[in-house]
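Listed below are the structures to be examined.
The following pair of complexes shares a single chain, chain A, combined with chain B in the former and chain C in the latter.
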Partner chain A sequence: MEQAEIRRVYLLGAFIVAAFATPFAVGAWSGNIFYDRQWLMDLITVCLNGLLQGGVYAMYGVGLTLIFGVMRIINVAHGEIVMLGAYLTWVLFNAPEYLGLGWHLDPLLTMVITLPIAFALGFAIQKVLLNAVVGGPELTPLLITFGVGIAMINLVEWIFTTDYHTIPYQPDAFHITETIFVGKNKIISFAMALAISLGVFLFLKLHRLGKAIRATAQNPEVAMVCGIDVQRIYLVTFGLGAALASAGGALVSIQFGFNPETGVQYTVVAFAIIVLGGRGHYLGAMLGAVLLAVLENLVSFMVPNGSAMVEMAAYTMIVGVLLIRPQGLLGVKET
Partner chain B sequence: MKQHIWGMLTVLLGATLPFSGSTVLADHRSGNVVLVGGAISQTGRYAEPAGRQYNSVKLWVDQVNQRGGLLGHKVLLTMLDDKSDTQTAIKLYEKLITEDKVDLLVGPYSSGITDAVANVTERYHMPIVAYGAASADIWERGRKYIFAVNDIAENYQKGAAHLAKQIGVKRIAIIGEDSLFPRMSRKGLEQWAKQLGLQVVVAENYATQKQGDYTALLQKIKAQRVEAIFSNSYFDDAAAQIRQLREMNYDVKFFASTVGPGLPRFAKDLGPTAEYVLGFSQWEPNLSLGHPGMKEFIDAYKARYGTEPNYHSASAYASMQVFEAAVKQAGSFDREKLRDALSTIQVRTMFGTYKVDEKGMTNHEGLTFQIRNGKRMIVWPPHLAEVKPILPVPKWSER
Partner chain C sequence: MTSREHLRYLAYLGAFLVFLAVLPFQIGVYYRSFVMFTMMWVVLALSWNIISGYTGYISFGHVVFYGVGSYASAILVADHGWPWIPTLLVGAVVGLAVAILIGYPVLRLKGPYFAIAMLGAAEGTRVLVTVWDSLTHGGLGINLPNVENSMETYFAMLALMVVTILVSYWVGHSRFGIRLNAIREDELAAEALGVNTTLYKMAAFSLSAVFPAIAGGIQANKTLYINPDGEFLLLITITMTLMTMFGGKGTVIGPIVGAILLYLFQEVVWVKFPFFHLIMFGAFLILVARFMPRGIVGLFIARGWARKGMVH
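Right after this comes the complex of A and B.
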């Protein structure tokens, strides 16, 4: 590594430490920090909660980064697929009750059905709309996915109206110690997010098809020469990305309220994460998600009126990271 | 091409000229029709309450046509969608007044949007009954063509503040979305808190349309040993907050929200978590309130939409009743005559008695309810209370 490169890494480390130290400094100055055991436990709870939230963020991010990494497609409809996943989960959760059976389907079990549906949807979008424009200017697929997103919002609105929905799944607190509690649904969501993203990571690392996806991401022409059916890889990648987004939707549905128009929030978060972590870098997205979520929680917890400043803090960190390292935390410099 | 543009300009100019005066009569329309128009959030974050108001307006239009219309004119309704967006609403109201030339204008939803739209309606001297707004600010700006039916935002937490005093709460937190209505509600509550001796230890607004995780904010409130939380919130934020209080196992003496719990979905979707939450209501479908025509309205609404009306539905319907009475009194659709009628008449609606002061505000008094077994039960003011509130609310571990 060049010396300049190494200097940048040090600078980046220092910047991130400073970013995380800022809420503490402001908190101490404004009297939001108490120097007792109880407050320390509160702080641990907040960090833990940020970590758990980061898991859900990562679910939005990894799908987007995968699609971008392989095809250089900026999928603006990503958040809408998350939203659709939330709706699919909600529909299946309520379906047995609706049919008069008097019970609900477990929202996690519904993934067995929703993920293949989302995969098929992504596959279809790629086949019908995007395959023709891969490798062209980046604006074309961006506009196409933008249109797809709007169509999805209106379709869901038309069917389900704009009412907010939520699934009251495992609403109780989980006692980690006497004083540290986190939501059971948050723990479950995090575990699911971790399992799914690690599963996909291992698939990319070890499975033949996963290796082919990575090869295509590195260089589609060479991959084609080596006998990889690049068109098929594109279809699988978009399907996989959509399935990951839909899994994120399932996790949203058991924690938060959603309506047809909340999709754009997930898109914004997903973009922030992949820009922070490194565009196209899978582990980078997971790292970016956790950093972003923990910082947001710390700011909200310690800074006066911090909840209104969460986004400002998050994006300041992203801009700072990009200035020091334009390719993101783990991204590879584009040549 | 150039000629074409000049031609278009002349047509445009010609179209606007006849309406630079203030009087527009229904007679200008063919077929003896009077056009009632407005824009309301049919999509977006306000769509849930706004949809209920739209339902009531539609119901009224059909009923008034069955009764023979307004002054013998058949009522035609055109309701546009502002997508819960202020800029869109402003454009649509300009269009409604200048292009569609509506005879009666009905309001949008939310205080923020109404406040922005009022600048337009004021300019064209179009009287409007603001069923979707409750911030006193709107009437503090010396406007002459906007009339209130609702209790003001500043009073939304009045009942809950009194209940806090009753059960000996000292330290409170006020949180809410960073938009006009929650800010006004907070302002009013801060005054009530001062008057009642409640100490506001945390007061924060959060960014509009935030992700939905309020745990860190609630943790901050917990660290300050807050006993009761007043949340000036709509549906999604209120729902997230009460869920997260339960996840954190944080026992407050109560959680009071402004708009969210009044929406029927709140108790339904959240189930047991929503129990004992305090909420505010302008009106409840409860015949003991004793307003004339309540039963007929409730029955008709239920028959048509398959669900009970809530206060959003009721205030919109009452506004249309007020409009109907004002048109009858004015005897025409003339904007100035209508304005005069709206500012002087007294109408007993199914929502309460409409009578405005010189600013255009009413003294309609709101209710505070507690969710009990999934139902909203009035607990304040005392003379209207259906049940005694259960306060402090039971601990999460004992439910």
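Right after this comes the complex of A and C.
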């Protein structure tokens, strides 16, 4: 690495440390920090919650990074696919109840149904709308996916209204010690996220199709020369990204409230994650997800007006990291 | 292009101007505001076109200038009792300042990264405006003193639109515009040929920020109520983009035609279907981006119905 490159890495490190120090500084300034045992326990709980939330974030982060890495397309509709995944899970969860059966479908079990649906949806979007514009000017896919997103939001709003929904699933707390505890649903969702991302990671590393996806990401022309059907890889990649997003949606639905318009937040979070971790970098996305989630939880814990300022964390990360080191923490420089 | 042709276009614009100057006296308040908002969208589309059409830097957060302009104006009118016309100038200065503040770092990014960073900058500004409630009244928004000013806002917007059209025309026909085009086609080559790309990008960006800021100020004084979610709405950026794309980006006449047609269509047809109209909007966005990236003007040129020089 050349000198300037190394300096940028240090600068990025300093930026992230500063970003994590900011909520503490603001908290101390506004009197939200108490120097006793109880507060310290709360802080640990908050960090733990952030870590677990990072699992959900990783779900939509890796989907977006996969799509971006392979096709250089920014999928603005990514958050809407997450939202759609949450709605699908919610509908399936409540479906037996509506039919008068008196029981609910397990929201994690329904992934067996929702993931293929999302995969098909992503596949179709790529096939019909995006395959022809890969490699063209970047505005076109940006507008197309935004159009898809806006249509999805209003379609869902039309059917389900803007009411917030959530699925009550294992809401009781799991005590680690007397004072440190987290919701069981969060632990389950983290484990699920870890399992899925690990599965996809192994698929990308070991499976023939996964290798073909990585080859296409590195260089589509050489991949084509080697006999890889690049168009088909694009379809599979977008499908996979959408499936991961909808898995994220399922995990969202069991612990947070969602409505048709929350999709935009997920998109921004996913952007921040891939920028932070290094766009197109799979492990980077997971690292970025955990960092961002912990940071967000610290902000909402200590900063006054925290729930509004939480969004600020993602925007600061996006702009700051892009300016200091556009390839993010783990990404490699594009030539 | 000869100076005679310039004069001819100036004459067209003059005739258009006379028509628009007489029009408000013949119609009621509703149609007057309708024409006013049409002109506002023309201004917004043309401004977006200056940075994104000519320079190729896709500003995905252009609404930020509109938002800060409207807030600057509304705060001065509602909290400090200023008359509204001078506040527009303050709005313009604030818009310019924000453009320099955002543009200086962000314009170094290229392609999709610029678009994402602009989106982040705009949404971040929205959050700041929401949180800073001692200045902006936070999420509750600002109510302006109630007055009937459809005539004044109409003429303010008309003047702004004329200035925007003239500036866009100048950009389209000057060395300045040619250098912006050079940046769009190949920034590295433009730099090698001696174009100070940083300076030109900044100039184009600042220019494209001033007009939306003023337009936002006029709009705030017309609608008399603003709030962060309404003034920093991502959909406004997208509408500017769609109008410019639909008309033909990188031209002067394109955004004008696109804005008028689309706003007309939106008001007359789409508002009748509350959710469905946004679904249609999305579908229309996809169709335009996918099948007519050069817009109506591009279609005319391709069919040979218009000379290339005429539409610049």
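Just so it is clear, the second predicted complex is superposed on the first by the 321 of 335 C-alpha atoms of A that agree within 3 Å, B and C clash if a C-alpha of one lies under 4 Å from a C-alpha of the other, contacts with A are read in each partner's own complex, and residues count from 1 in each chain.
Everything below uses one rule, namely that a residue touches a chain if its C-beta (ideal position, glycine included) is under 8 Å from a C-beta of that chain, and two chains touch if they have at least 3 such contacts.
Remember, predicted model here, so these are calculated numbers, not experimental data.
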*Give one of first, second, both or neither to describe whether A:P171 is in contact with chain B, with chain C, with both, or with none.*
first
*asked:* Quick check on the superposed pair: does A:N219 touch chain B, chain C, both, or neither? Answer first, second, both or neither.
replied: neither
_Contact-wise, after the overlay, does A:E261 reach chain B, chain C, both or neither (first, second, both, neither)?_
first
*Once the shared chain is lined up, is A:R72 touching chain B (first), chain C (second), both, or neither of them?*
second
*Name the contact category of A:F34: first (chain B only), second (chain C only), both, or neither.*
first
_chain B versus chain C as contact partner of A:E311, first or second or both or neither_ = both
*Counting only touches as set out at the top, which of chain B and chain C does A:E157 meet: first, second, both, neither?*
both
*Those residues of chain A which chain B touches in one complex and chain C touches in the other*: 157, 305, 308, 311
_Residues of chain B defined as touching chain A within the complex_ = 42-45, 47-48, 51, 175, 178, 204-207, 209-217, 219-220, 222-223, 235-236, 239-240, 243-244, 246-249, 265, 269-273, 396
_List the residues on chain C that touch chain A in their complex, please._
52, 58, 60, 105-106, 108-109, 111-113, 115-117, 119-121, 123-124, 127-128, 130-131, 139, 234-235, 238, 241-242, 245, 275-276, 278-279, 281-286, 288-290, 293
_Can you tell me which positions in chain A touch chain C when the two form their complex?_
72, 74, 129, 132-133, 137-140, 142-144, 146-155, 157-158, 264, 268, 271-272, 275, 305, 308-309, 311-312, 314-316, 318-319, 322-323, 326
*In the complex, chain A residues that touch chain B*: 32, 34, 38-39, 42, 45-46, 49-50, 53, 157, 161-166, 168, 171-173, 175, 181-186, 255-257, 259-261, 265, 269, 296-302, 304-308, 310-311
